[in-house]
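Below are the structure tokens for one structure; questions will follow.
So that you can tell them apart, the chains are marked A, B, C, D, E and F in the order they are listed, and the count of residues begins at 1 in each.
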Amino acid sequence: MAQSNLDLDSQSERFQRGWEQLQAIDGEAGEQVIEGLSEIAPDLARYVIEFPFGDIYARPGLDLKSREIATVAALTALGNARPQLKVHIQAALNVGCTREEIVEVVMQMAVYAGFPAALNGISAVKEVCE
Amino acid sequence: MAQSNLDLDSQSERFQRGWEQLQAIDGEAGEQVIEGLSEIAPDLARYVIEFPFGDIYARPGLDLKSREIATVAALTALGNARPQLKVHIQAALNVGCTREEIVEVVMQMAVYAGFPAALNGISAVKEVCE
Amino acid sequence: MAQSNLDLDSQSERFQRGWEQLQAIDGEAGEQVIEGLSEIAPDLARYVIEFPFGDIYARPGLDLKSREIATVAALTALGNARPQLKVHIQAALNVGCTREEIVEVVMQMAVYAGFPAALNGISAVKEVCE
Amino acid sequence: MAQSNLDLDSQSERFQRGWEQLQAIDGEAGEQVIEGLSEIAPDLARYVIEFPFGDIYARPGLDLKSREIATVAALTALGNARPQLKVHIQAALNVGCTREEIVEVVMQMAVYAGFPAALNGISAVKEVCE
Amino acid sequence: MAQSNLDLDSQSERFQRGWEQLQAIDGEAGEQVIEGLSEIAPDLARYVIEFPFGDIYARPGLDLKSREIATVAALTALGNARPQLKVHIQAALNVGCTREEIVEVVMQMAVYAGFPAALNGISAVKEVCE
Amino acid sequence: MAQSNLDLDSQSERFQRGWEQLQAIDGEAGEQVIEGLSEIAPDLARYVIEFPFGDIYARPGLDLKSREIATVAALTALGNARPQLKVHIQAALNVGCTREEIVEVVMQMAVYAGFPAALNGISAVKEVCE
């Protein structure tokens, strides 16, 4: 996406860092999320880049693989955010998780959020991997 | 806890493996959970040992540190299971996560489940660490 | 509770039916809920009597025991309404469920909402039965 | 929809008030919800008209614009009721909210329910406005 | 499904009991769930058979009709597991619930989880019954 | 709270704006939240100030009264963040909502998240107003 769609004010260091993180972690799927917001809610696009990616994922205290394990676990457990779960299953693969590890994380959610959550999570893994 | 409180039938290999995992991972807090069930729902105690610990945590495909990161993330995001969240914050420490890593996982949940979930998660970390 | 605390308009047939159902099903705990609302939100007290009890629980298509099983299951699974779960564990006992049946319903929720939901539900059963 | 599909008993003042509110607030989308229930659960159709619309939305203590802001916020945060969220985004427009105000409400939910909830809410706004 | 797709180790008594329960309760829909997992997460398929069906549904303390009422109630209330809700609406019919009883259970969830949950539950009942 | 507890880097314009908003909206309760984080997760304290308050609440597109109505509605509906709900009930009063309006918002949640959510919300209003 042309960054020029976004407000010039936002071209801060924080925004730049977030944009690079988003591309490195989420890849094309992340860019599409931003693209989809640019018309109707461009500031939300900017916040997605700045806070989750510019602030949180850029922090040194936890490796990216562990961060994506945490996110896949949480989104599987919540069970109401399938598009974002799929983006983060791909992101987990992008930062070095194997498909097997992702399946383990999703299966484990049967314990904490019930079997339906785990089954729907596995179906998301399947869609991403096909 | 004396294992003898539990039904003899359950003394299977799966149960033994689960019991050892539960002690190694959750420590005393896990044993108290089992103890608390022994009067009113002893079979649920047995299932807790057999399925989450005997089946899931004993699986080779994901290291215990990653498993606890996944669990802390999910329970923070769900936000309705504080006693279990506290048990697993302790468990995460037991299997080698640092307090800093746990704080990172909980903070990251602000992105996926909102700031209240993250704030209440941090307050649980605080209670466990004090 | 003196019904006179509540708006005279509400003394409809529907309200009367609801009030009788609430007393029969929830007993004293139900009356306390209504009492607690009478100062700050008396109309919510009236709606609780009219809609859940005057409309829903009074319907002929399902016996009260099945209705309470459904409610205990749902509140255990949601995991964020402990006071109401306790009222309905008592209500289930009032309409003829045994403690064993209630424990079965709550345990089954481990499958659909995860073990923490079931464990917290069992702890609510314990508090009610003590 | 011909009101005659619904049980004659229900033609109370409360029902009439609810039916008018539902048409004024939700418009055609609301009527379709009622229509869709008329075969399988006509009494639920009646309750939808009577309780949310005849009782709640007809209350004087809060203006309709604020009521729809509250509903859009709650349904965005819950994240598991997309059809109803879309009906209420349209309803919010019907009672005088601008698209910009609705986008603000939905974006704000990133703070309280996480970014996935806000992103899925914005996608619902998009679908309604197209 | 040919059981041979599944790990030989799993051909335990518990697995056999679960497999028979799953076929009797969920019928073809249940088998399809297992089939769908056999490639990507065969162990989750095995756990579904062993724990919910081999352990929980096989327990004597509650009749199957009550178990399915509990499950339909919980999945309607949670509102984030539509495929599993549909499987269990069919299962409820399979074990002797009438369509009318299922509609009552789902409608009652308006009280405990809100009208959107009940409306989406009714729409699932409709899809199953058509 | 002495701002000096927080990292100097964070003394940006965005932080200053957020800090002023937080004090104006949440008052003392907001400061206590920040205070409580300063030891264990000072960066989460900074993010709370910067993103919800510096970014979101400072936006011009929606008045503060509407913003607090949205937040009270969402937190009542979610039902798993009572401390934050209480902070925002107070915040709603601070920005000009009457107690009656807040009660209306909370009561309306009975429609969208069920009666238990509304009852627990009213109990939070009661605690704040006493």
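Note that in this section contacts are C-beta pairs under 8 Å (C-beta built on N, C-alpha and C of every residue); 3 or more make two chains touch, one makes a residue touch a chain.
The model shown is predicted, which means the values in this text are computed figures rather than measured ones.
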| item | value |
| --- | --- |
| Chains contacting each of subunit A and subunit B, listed by label | C, D, E, F |
| Same or different residue numbers at the subunit C/subunit F copy interface, by half rule | different |
| Chain pair equivalent in interface to D-E, over half of contacts matched, among B-E, A-D or A-B | A-D |
| Selected pair, greater C-beta contact count between E-F and D-F | D-F |
| Centroid-based (C-alpha) most distant chain relative to subunit E | F |
| Between subunit F and subunit A, distance of the C-alpha-averaged centres to the nearest whole Å | 26 |
| Chain centre separation in whole Å, for subunit F relative to subunit B (CA means) | 31 |
| Computed distance of Cα centres, subunit E from subunit C, in Å | 25 |
| Multi-partner residues of subunit E (at least 2 other chains) | 43, 47, 51-52, 59, 75, 77-81, 84, 103, 107, 109-117 |
| Subunit B - residues contacting subunit D, complex | 77, 109-117 |
| Subunit B partner contacts - residues on subunit A that touch it in the complex | 51-52, 56, 59, 61-62, 66-67, 69-78, 81, 84, 100-101, 103-105, 107-113 |
| Subunit C residues touching subunit F - in the complex, by the definition given at the top | 33, 36-37, 40-41, 43-44, 47-48, 51-52, 75, 78-81, 83-84 |
| Residues of subunit B that touch subunit F when the two form their complex | 78-80, 103, 106-107, 110, 114-120, 122-123, 125-126, 129 |
| List of subunit C residues in touch with subunit D within their complex | 43, 47, 51, 55, 59 |
